[in-house]
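There are two complexes below, and they share subunit A, which is joined by subunit B in the first and by subunit C in the second.
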Partner chain A sequence: MTFSSSRLKTTALALAASTALIVAPAAAQTLRIAGQGDLGTLDPHAQNAQVTMSVLSMVYETLVTRDRDLNPAPGLALSWEPTSDTTWQFELRPDVTFHDGSSFGAEDVRFSIERARQDTSQFVNFVGTIAEVNVIDDLTVEIVTTETDPLLPGKLGYVFIMDSDWTTDNNATVPQDLAAEDSSFAVMNANGTGPFTVTERAPDSRTVLERNPDYWGEMAGEIDEVIYLPISSAPTRISALLSNEVDLVVDVPPQDVQRLEAAEGVITARAPDLRTIFFGFDYASDVLRHGETGGTNPFRDLRVRQAIDHAIDAESISRVVMRGLSQPTAQLISEDNFGWDAALDETVVFDPERGRELMAEAGFADGFSTRMDCPTDTYTNPEQICQAVSAMLSQIGIDIELNLIPRTQFIPLLWERESSFFIIGFNTAYFDGMYVLETLLMTTADDGEGIYNYTGYSNPELDALAREARVELDVDRRLQLMQDAFRIAREDVAYAPLHSQTLVWAMREGVSAQVRPDNWVEIRWVEMN
Partner chain B sequence: MIWFMLRRIASALLVMLAVTAIAFVMFNYLGDPVVAILGQDASVAQRRAVEAQLGLDQPLIVRFWAYLMQVLQGEFGISYRLGRPVVEVLIERLPATVELAATGMAIALVIGIPAGIFAAIRRGSASTRLLMGASLFGISVPTFFVGIVLIWVFNVTLSMLPSFGRGQTVAIGWWTTGFLTQSGLVALVLPAITIAVFQIAMIMRLVRAEMLEVLRSDFILFARARGLSEWRIFFRHAFANTLIPVITVISLQIGSLIAFAVITESVFQWPGLGLLFLQSVGAADVPMMSAYLIVIAALFVSINLIVDLLYFIIDPRLRARVAG
Partner chain C sequence: MSMALPPSDPDTPAQITAAAPAPRRRWANGLLVSGLLRDKTALVAAVVLALLLLAAAFPAFFAPYQVFDLRQISLMNAFVPPVWIDGGSWTFPLGTDDQGRDILSAIIYGLRVSLTVGLGGVALAVVIGVTIGLIAGFTGGIVDAALMRVADVQLTFPAILIAVMIDGVSRAILGDTARAEAAVVVLIIAVGLSGWVEYARAVRGAAMVERRRDYVAAARLSGVGSAGIMVRHILPNVLTAVMVIGTIHLGVAILIEATLSFVGLGIPPTQPSLGTLIRVGNSYLLSGEWWIAIMPGIALLILVLAINLLGDFLRDALNPRLR
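Let's turn to the complex of A and B:
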């Protein structure tokens, strides 16, 4: 009997072994991520787009990274500190190698920052305050800024480090050089220090990454391979998750969230997006460019702007258009940002009656008409939001002619200060509201202040506070200054804020991924079983 | 014959020039490529620099002339969106679309022609009425809807077929084919059916209408009078005489399958020319869109030429006329 029992055991073992064989592909773990669009390039300084940055962050690394609480944490730099008002010193991580085996050092940092400063780089804003980068020794870098910059470490969290030799040898020293035919090497090839190497790149189809066995950092999971799959059609993307063809979907349309939450074997995760949606007005023109306003510019009257603010029912938009996936707000930045002020959000009041009164007080009892410019292919549900807001504004007598256009036509309208009234979504960079104050709210000047101030808004008091805050190294004092500045913008109704978006990811049960507010898939935090 | 060909080629080139010109002008109203290149947060100085680099600050006519000269030298420039040479990308995407269109058309012919003949021969029978009803459905249902329904049934519900992509491909020189791997073939099924649905219905209705037309003509009456078998009348005489219009339409349909695979390709994320075009429009990628249009125009023009040649082979009367 013992014999047969041992035979049974063997059979059981063989069975177990064969089952293991069937599950074998799972042992070599592959994470298949699907998103709406593809990364445009592997060049780390060519395209500041969420999906590009998110995927490239698995391949390339930055000096400073974020921990799970989104605080700055050591990446390729071990530590950093200001050594004077205008210099920061970074101690670099030793024994880090690029994927091709060459070692990482101070020269690579200097080279990469210089590269990110070129005209065709989309990261000029992140290195704009840097005057020079000095290599002290192989593992120490000193960065000199043109003025005190408390945000420098945060900004460098978005500047990927390339290998200077590899990039130079392959003629790729200029990012996205559309004039030179042979400069596309870094577009299709990558050599970073990150946990994954690129093994296959088929634009609009798939990008395959393989685990870098020499990676210095810690990984939460045991993922051996990552495949990023762009699937532009939303129903197909969701079907692919339901049928187990992908493991993680990062661009989940709001209308599908409920269904996915109910679906078996699928879980969702969410986080507030760094992006806030708001409406902007033309302050600069004496007569509004678009619309019938009786030869005036009604938006210059604070009461008109207040009326609009009262007329917009952000709660209804959140419920009906966004299906609960937005947080109505009175601010221009969302809550994970430095400078956010819980008290400000209490100033949202939906009161169309009061709006009508304010319109009458401003001399527009009969209302006026204007054009609202609205991009259709960026942000979440912009078209429906604009339609809803048009209807709400008609309640206080503002007749909106909707101009629904693609993003590539919309942005130039802003650049040329052509728009009278527009919706805009603005991402804060580096989890800090300073960027919004500096570029969106400050009076436009030649030195980069107010470069995205497309409305012509100007308040010297706000400018002074922002100037003080941006060179303030003391954290508490800086917070106070920024909150004061944002309060002024709120009182002026510089913009009419609507909501901050909610990011939703859907994943197969067994996958655990934390949503980062900038929509990056932080691969080091992802677990699978 | 040669003179005839030369004249056709000259007029074809003229057509392509016109297409290029119209496309180039049109694309300049689609949007500003600088947005795609630099993103929303670009400073004025950066924008001016890129505009100067790409010559976007020049008047439209100057840019068109420069572009035309480039194209004549075989240079299509660099894609603004992908940062790679346009020709390289087009060559990379062509096989996916051609294989999809060819498979779709093969399915359409294999089903559509017999169904059309059947519907003509068995006029008024119940099964013909069913077929005609189904074909009406096939013609009027939008492609994206067919695609989504197929995905829902065969992918989500039955877990039988993949919903996106091309599966594993094998490279044969510069051509990549999905015909040689199992995953490639499996991935082809849903998109090919989606793209074929309209074609099946159209070919069936066309063959039926042409057959009925021919069956009414005198020579069929004579054939019957001669006591030929029904089978011989239908296939040797009637069907052969429907071939000219059927081949013309089918050839042009191959062109439009390739040109307008846009919807099917975007539903199934099929990495072909249609998807490429759609993505390029979104990014105002002018060099890519212009090159795509030139390629498609060239395709239609050459299909037309081939069809003209086929006429010579099929129709003896044409040969006689040119010879005489």
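Let's turn to the complex of A and C:
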């Protein structure tokens, strides 16, 4: 552990105070957080990954944030309202300064949104409907969208605001292109408005943040320093908590939860994850790319997909692999999302016998073989899930060759539409199922529709409903349209849903942190003693 | 000396060379068997190793379940403890893993992979090491100096580092999917390339001694080429040393494989070796299902211990100079 200079200063000050005034010194507090992976960059628009967003949210802020009930709440914007069908007006928070002392204003908002719209940004999805950003005065911004976008405030909860002068002066106006491994000043340095500043950044090793004394907002605790440590091995991560080397572990594997709950001096907290896990099929190929299928694509037959649905025993996977920390589901979104439908949550009966019948009806009484692509280092226990599902599918005659690969090789397989059968976990960004409808289920088109539709699934009826829903301002009507669209996907067995995960964090006694369903550590809510 | 021998006589070299090594080998074999019967530790080790080799050679006969037949695996059977613990049963004597696989069966199939890599790696190391050792020892001079400097450089790298390097190169060349399929071959190469120096040094030393012997001079005079002398006349005389080093190296080779697989650089979990089984089980060490990692660990321990005890015995019995 290192003592930063300010920590020493604080301690010295506290000592001086205690000798002079004889009051109890408030010890400097350091929160050490351990997670599975490291943030890939400090550039706030370069990597849309959970861990990156979580840590950067302590340094950079957004116009809109979330309150403890996860409703949209004022962040750098005090208020916002639609002024016409395609314009939103945002009133900005006054007297906010960046870490380098320069003041925050409308120009920074315009600059940041423009920056997030560039090709190398991974946040194009969130600003895709924006046509232009107009600075009305220093604390008022008007955002014009290409079509009605009721979700805009939610989307802007993911667009971090940078200082336009600082970024321009340091030649970092273009977001880092992670795929091309390029770099810029903003990759190793940060200048946000958030409660913490970056004091040390050692990629894949540690990131040290120090309290910003001029922060405008309220903090629940008195944390002076945050250290984020990526520890990829789960047993090591848990051991680090038990031996008091870290204070908070955010990626706790289900098999260790029981032990941690019994351990002295450790408390756990949980929340339903926004992420849902399901299986995808290749619809696009005439002949399945991988496996022996007799020159056909069995996945195009609805009965084969239904058979797979019947053959997957989600209850057993939940009980054994997830130790009860998952909820079997028939939907592609979890309960906290807008668009979730209680009526659709009825999972099909686990019935391999029925599965075999359906396979026989589809002309695959003797089964077929294919390859399942499965990432090993993301989601919760994917390797075990894929192995278990392979065994279950063997019962209906589908012979799976398991392709266990790291996430970095898995994602390109999806992008190239190269996978025949895969597991995927999908996280709705702004607590709204529209993200899933638009990116995962709609027919792939040039304008961003279906950009994550790796299967080639296409149903014009669903497309029409989704297009109608996304410009619908009436909340009830929008919900209805979205649920209708999800029902179509369900009836088509567009994907074979498995479960939604439960997030578990473990922390040292004395630390109190609220688990957010998107796995972000909301540092303003963390308390320590 | 033997200058007087008529080079035209075709039988003479053969007689002379046969006369040199043969009695020594016969003497060694007799001593080996009676020595083994007297040394109880070595005897037990030999019996255990024979059993393990047999199980690895015919896993279908020894293993109660076909661990690679997915139809025989059910999640319902996951995390059953070993038979002597509450909840365990003779259905799964050593318990089951996170997928409901029988651990005893997984160990037997894992043993097969571990031994294949171990034996293959040692064989490769022997071939490389003996060849280089013979050439260096027999030729001498600048060739010897060059080859032995290469060996010296190689010795400065830990074996595991070389193995990791070869693994990385294979990944770059093959890509990960092909690399996973060729995992056994890649590991054999890794173990072989990291372990040949010992053989080369021992063989070189022996070859340097042997090449000054009369029978070699005789063979040379009778027109046998350098390669022929090395293979037919010198090689048989250095084989005992190679055998002793090989046995000890086998234990090391299996451990290198296990280490690489444990850190995820070896055999993929679809065809698990003992090291892979320990890696998979490691995730459950803290949660109470210790047997998933410990059982393959004990199997590895028994295997390597048996090999090492037998290796020690062979060294004492065959070539006390190597002590």
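Heads up, the rule we're going with is that the second predicted complex is superposed on the first by the 495 of 529 C-alpha atoms of A that agree within 3 Å, B and C clash if a C-alpha of one lies under 4 Å from a C-alpha of the other, contacts with A are read in each partner's own complex, and residues count from 1 in each chain.
Here, contacts are C-beta pairs under 8 Å (C-beta built on N, C-alpha and C of every residue); 3 or more make two chains touch, one makes a residue touch a chain.
Everything numeric in this text was worked out from a predicted model, so none of it was measured.
Touch criterion met: A:Ser239 reaches subunit B and subunit C at once.
Look at A:Asp377: by the touch rule set out above, it reaches subunit B but stays clear of subunit C. In the superposition on chain A, A:Gly40 makes contact with subunit B only, not with subunit C. In the superposition on chain A, contact of A:Asp137 is made with neither subunit B nor subunit C.
Of the two partners subunit B and subunit C, it is B that touches the larger number of subunit A residues. Contacts of A:Ile411 after superposition on the shared chain: subunit B is touched, whereas subunit C is not. In the superposition on chain A, A:Asp447 makes contact with neither subunit B nor subunit C.
Contact with subunit B, but none with subunit C, is seen for A:Ala49 once the two complexes are overlaid on the shared chain.
Shared contact residues on subunit A (touching subunit B in one structure, subunit C in the other): 235, 239, 406, 409.
The part of subunit A that touches subunit B in the complex is made up of residues 38, 40-41, 43, 46-49, 119-120, 122, 124-125, 176, 178-179, 181, 184, 187-188, 202-206, 229-233, 235-237, 239-240, 242-245, 377, 406-409, 411-412, 415, 439, 448, 451-452. By the touch criterion stated above, subunit C contacts subunit A in their complex at residues 70-71, 73-76, 78-79, 98-100, 176-177, 180, 268-270, 282-289. Taken in their complex, subunit B has these residues touching subunit A: 30-47, 49-50, 53-54, 78, 80-85, 89, 92, 144, 148, 151-152, 155-156, 159, 162-166, 266-269, 271, 275-276, 278-279, 282-284.
On the subunit A side of its complex with subunit C, the touching residues are 234-235, 238-239, 253, 255-256, 258-259, 313, 316-317, 320-321, 383-384, 387-388, 390-392, 394-395, 399-400, 402-406, 409.
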